[in-house]
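Common to both upcoming complexes is chain A, partnered first by chain B, then by chain C.
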Partner chain A sequence: MKILICEDDTMTLKALEHKLKKEGYDIITSQDGKSACDIISTQKDIDLLLTDLHMPKLSGLELINFVRGELKSNMPIIMLTRVGLEETVLHAFELGADDYVTKPFNPDELALRIKRLLIKNKQ
Partner chain B sequence: MGMRNYNLGYLREISGGDEDFVLDMIQTFITNTPAEISTLKNLAMKQSWVTLGEHAHKFAPGLQFIGLVSMRPVINKIEDFSFKKENLEQIVTLIEELDSECQLVSEQLRNDFNL
Partner chain C sequence: MNKNAVHQRLILFCFIFVIYFCFPSTIFAELPSSNHEASIRETTYEKKILWGERFYSLNLNSLALKEFEKAHKINPGAYFPQFRIVQLKSRLHQSSNYIGSVELDFNKPGVLISALIFVILFSFVSMVLALFFVLFNRDRTSKLEKKTQFLKEEYQTMLINYLFSKEINQELVQSFKMVTASTLNRKILINQMIDLSITLTGEEKHRLKLLYIDLKLDKDSCKKARGRKWHVKAKGFRELAFMNIHIADDEIIRCLSSRNDILRMEAQFAMIRLNPDNSFTFLDVLEKKFTLWEQLNVYETITFHQIELPDFEHLLYSKNNSIVLFALRMIKVFKLNKAFNSMLDLLSHHDPEVRNLTIQVMGNLNMVESLPYMKKIYKSETYENCFAIIQSIASMRDESMLNFLKLVLDKEDDVQLQIEAAIAINKIVDKGTDTLNQLLNSDYKNYKIIVKHVLDKRIN
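Coming up: the complex of A and B.
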């Protein structure tokens, strides 16, 4: 299973990549929303998108809008956000995000949420 | 080893026992932090408060990985004051406090891990 992680903070990105590789996933990374759009447009085998909401070039919200609105893709999307951004999270759900995880993330909880969404999406 | 201002518990939990990953994260913190703090200082000097708030927001996770718990309220205040444009006179002092603590922790990490 292939996961695209879109996160502009280097340490968070490294931590996510490390944890999810240990869980057995193939990982692609991007540090801005624009390049994530390019990756999703060209690589059709991505199974799940894990994206920060605040990113340069194109925000997480715009990225979700692109995936759902333009690409018409139903790939599971999990948002990464910090506590205190509830309004943004609600907006992301309206745009079609499936779940969210707050930073600093609990590694085992994140792995379970990903697994659950991937199973659900297969059914 | 004396008292340490960092705590690698969370990082080790994520690492799953991979010490190379822990060292890579520590090195990233040591390498990237001076530039991050310099950016915060420059933005405060330019009074670019919203951008400063956004950078503070981005900087916060790095502190969590290194377990710099004492700096959480400091970075939260920098972010909060910047976005709300309140208590602006305190921001430079808060960034200095953050800078001193990060320098101290970087030094401790360098010594403890022979970096």
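Coming up: the complex of A and C.
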């Protein structure tokens, strides 16, 4: 299973990458929305997108809009967001996001959410 | 005079300067004395001619002119001094600009030139030193940045490897201990640990805290918290707050009433993070004004760090008005309708600003039970508060207030209040617009134009 992590904070990105690699996933990383768009456009075998909402060049919302609107892809999307941004989260759900995790997050909980979504998507 | 001429003259000055100091004998060589008694005048005359010629050859025209003039006085019939005088006057006339006159009229050229040379050398040396300093500093900063970035990435990887490994990696712990020996490295490591503490929860966060204590970084933070400089203290408070370490709580409490705004805010932040059960006890004793900026910071801490909401109701009875206002704002934001009775008491608060915000919050939280009380205080209220009352009534859209609003529209002298009352009537569901239409079609009243204005869909 291949997961694209899009997160501008290096520390969070490293933590996510390490945790998910340990769970047995193939990980691709990106630190801004624009490069994530390029990766998704070129690599069709990505199974899940894990994206931060606030990123340089292209925001998480725009990335979700690109995946659902332009690529017409139904890959599961999980958002990473701060607490207190409920309206943005609602907007992301409207655009087609599947789940969200708030920072600070529990890595085990995140791994379970990813697993659940991937199984659901397979079915 | 063109630049070259100026340069030539400066070089000449330098040359004279060197000659003057190094080879005084060239200029001040004893003149051959004559024992000839025929005429002392003649000797003097010869001396003057000789000096004049020397000055003339060195281009010191002004000095040469003086010498020849003296010679001419001694021997008015001689042709040579007259010839030179005419020649020198002509030269002086040609070079009568500023620099030339300075050069020629200055009787002590050595002092000026020494000063100029000193200034030039000083400026040049200063410039070279400054250039080296800037280059060196830039290079040092750039190297430090590169080193910091490298260490940052290295420590991030080390920390993540440590936190996500199943068992505690003693080798890594030893490496961390070596890292903490250096001040810069320790600083970078602490920053990375704090970054991680913001990102993670659960088991990993707990392990991070244990590592922090194991590396004795808590002692370092405590030392900072008890330091003398306010910015160091603030940094210490932040580190302790993020790592949830309580060893300097007394110092944090002491700084809650600090005169330094930033330190006070950091202490408040640390207090809220460290004592989730009694996060806001500092508000009970705060005597200083709780500024809007502090209020915003506390609000941000509550929201983004998932702090459990305290009982804001009791703060409504605080003697510090800024705290009452803060409590009202929090009641509004978190929609704490339970505080209704306490808010009702605030309608008779001595501070109009508090009453105003209470009215607004009541309207915002749709506390319909407050309407009779608002109606009651309307007459005795300030203009701003009357305005707030009508706006609150408008937001509640309660039919029972229709007559009161009609009364305001009819009897109120202020047009703005009349307009607000008409808008409030218009907002009352079902009946509002009909009532305004009825008022429009009734006998002449001065408010008809206001009603017409409110009903005009192009404007509202």
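Here is the rule we use: the second predicted complex is superposed on the first by the 123 of 123 C-alpha atoms of A that agree within 3 Å, B and C clash if a C-alpha of one lies under 4 Å from a C-alpha of the other, contacts with A are read in each partner's own complex, and residues count from 1 in each chain.
The criterion applied here is as follows: a contact is a pair of C-beta atoms (placed from the backbone, for glycine too) under 8 Å apart; a residue touches a chain by one contact, two chains touch by 3 or more.
Nothing here was measured: the structure is a model prediction, and the numbers come from that model.
Upon superposition of the two complexes on chain A, a steric clash is found between chain B and chain C. Counting the residues of chain A that each partner touches, chain B and chain C differ, and the larger count belongs to C. Within the superposed three-chain model, A:His18 lies in touch with chain B and with chain C [touch as defined at top].
By the touch criterion stated above, A:Asp8 is placed in contact with chain B alone, chain C being left untouched.
Legend: residue contacts after superposition of the two complexes on their common chain; A:His54 is shown touching chain B, with no touch to chain C.
Once the two complexes are overlaid on the shared chain, A:Glu109 sits against chain C while remaining clear of chain B. Contacts of chain A with chain B, set against its contacts with chain C after fitting on chain A, overlap at residues 9-12, 14-15, 18-19, 22, 82, 103-104, 107. Considering their complex, residues 153, 156-157, 160-161, 163-164, 192, 195-205, 303-306 of chain C touch chain A. By the touch rule above, chain B contacts chain A in their complex via residues 10-11, 13-16, 18, 21, 24-25, 28-29, 32, 54, 57-58, 60-62, 64-65.
Of all residues in chain A, only 8-12, 14-15, 18-19, 22, 54, 82, 103-104, 107 touch chain B in the complex they form. Considering their complex, residues 9-12, 14-15, 18-19, 22, 82-84, 103-109 of chain A touch chain C.
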